Amino acid sequence: MSGGAESEPAVERVVAAMYARDRVARDLAIEIIEVRAGYARCEMTVAERMLNGHDLCHGGYIFTLADTAFAYACNARNHVNVALQCSISFAAPAREGDRLAAVCEERVKSNRTGTYDVTVTGASGAVLALFRGTSYQVNARVVRD
Amino acid sequence: MSGGAESEPAVERVVAAMYARDRVARDLAIEIIEVRAGYARCEMTVAERMLNGHDLCHGGYIFTLADTAFAYACNARNHVNVALQCSISFAAPAREGDRLAAVCEERVKSNRTGTYDVTVTGASGAVLALFRGTSYQVNARVVRD
Amino acid sequence: MSGGAESEPAVERVVAAMYARDRVARDLAIEIIEVRAGYARCEMTVAERMLNGHDLCHGGYIFTLADTAFAYACNARNHVNVALQCSISFAAPAREGDRLAAVCEERVKSNRTGTYDVTVTGASGAVLALFRGTSYQVNARVVRD
Amino acid sequence: MSGGAESEPAVERVVAAMYARDRVARDLAIEIIEVRAGYARCEMTVAERMLNGHDLCHGGYIFTLADTAFAYACNARNHVNVALQCSISFAAPAREGDRLAAVCEERVKSNRTGTYDVTVTGASGAVLALFRGTSYQVNARVVRD
């Protein structure tokens, strides 16, 4: 699907290469539902080992799901982008067995840096968390060929 | 160990109660090294399942370690405080087997809200991440007796 | 314009009361274009005194415009809400004479706290900055009658 | 005071060059008290035009003071660094006539990006706000000679 020397591989190949190396997404059973340039939707079910002392999903796992969507969205063009700074606002709790969805959208992107918004919702569609990430593009490709 | 009706239990009892229910800290082998009112130091070793596609510790687990220190520091007085908003800046990567330390210090605290800084360092003492959390105090106790 | 004992005054009265006391908005000629519950649009023209050493609008004035939209949006229901924590990502610069617009939208709101997103755009509609604010509701009304 | 071709001018010259062009600092009577590489202390007195509707210093001016300290600290080595992302937590209010001090310290710095903490205190030394800025270094010098 990719073309000449300067073109980048198709998003599907980039995502497959990322996922093959992504032990965290596989370990937590994070599903990569859809990825386009600057966009990603990932889903995860809250497991027992993700619960904090209040029997609610630990904020660290909600962050991890959001950060995963951020990573797929900002690497989809095959340029490696790393997270420089992230912030997350917690709005409502999640419980064991809840299916969470994280949707990441690119808000601004310059040559080197970008800003991405991720909204994490629960089963009913209610907003559980709002994540915003600042990316920094390094001189590397996800798929090198 | 606690005194009269108005007094709060000792920090040790609060920490023990939190840790007994904290499946995330136990599952990730996070060690609660020291806790005082508004202060906590926690440590964690980077395991294989915490690695991202670059063979580096996923930012989500660095966040989870920092957030755990934040939780112990802001609940140490036995009043339940939840994380309202957190931000993290990533400065340097961590690799499998690295021992990470997160030290949380209270910067400001009013009746209801507070701001806490967590510094995450690696084996050499180098700063890996800077975390800042905003807490919100709810009407509940960690230890109810 | 307001109804019975429990009802709140119309948004127009709340905005008029806020603006009458708001020396900053008047001093900087910030125009309050539209306010609804959880929403505000404000505009400002970059003046010479707002320029930094690169002849660009100082980030502090872009923040001030965004923070003003945040304040009108989260006080529109006549309950006083204060800014607890704000973050801003700078995407593109503004120059003297540029007309800036800040649009604030409520993302989540609980009894006491809320999260609001403000997008600041320039004359061409390009995004200049993304602001996110966490509000905290205190026990006071904007209009007391 | 500066040496050979590769050396940078003294901090004093960089600060003088910045301040000469800094209309905002001069307009708001912000005093640049001390600057070293990665460090700055700036002071400002709350003026009547900085007050919001509660007769308190508008958060935008506290941000502007903190952002000014950030700018002097991260440009002191004569490499131009711009603010990519900033966050501020408000802890206590300031009133007309209060003398505010903003102290900026570099926490981490890589080739291109850095993280800086600014603490804003009031007359009594109480913390009014905590600011954290992410800088991005561009290919330019403050003093070009």
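In this document, chain identifiers A, B, C and D correspond to the written order of the chains, with residue numbering beginning at 1 in each.
Here is the rule we use: contacts are C-beta pairs under 8 Å (C-beta built on N, C-alpha and C of every residue); 3 or more make two chains touch, one makes a residue touch a chain.
Model, not experiment: these values are computed from the prediction.
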Chain whose average C-alpha position is farthest from subunit D's own: A
Comparison of A-B and B-D by number of C-beta pairs in contact, larger one: A-B
Inter-centroid spacing, subunit D versus subunit B (mean Cα positions, whole Å): 30
Distance between the centres, which are taken as Cα means, of subunit B and subunit A, whole angstrom: 23
Of all residues in subunit C, the ones touching two or more other chains: 84-85, 87, 89, 115, 134
Overall pattern in which the protein chains touch one another (line/ring/star/complete/other): complete
Parts of subunit B lying in touch with subunit D, wherever the complex brings them together: 87, 89, 91-92, 107-108, 110, 115, 117, 127, 130, 132, 134
Contact set on subunit C toward subunit B in their complex: 84-85, 87, 112-113, 115, 134, 136
Contacting residues of subunit D [partner subunit C, same complex]: 18, 20-24, 27, 48-55, 58-61, 63-65, 67-68, 71, 82-90
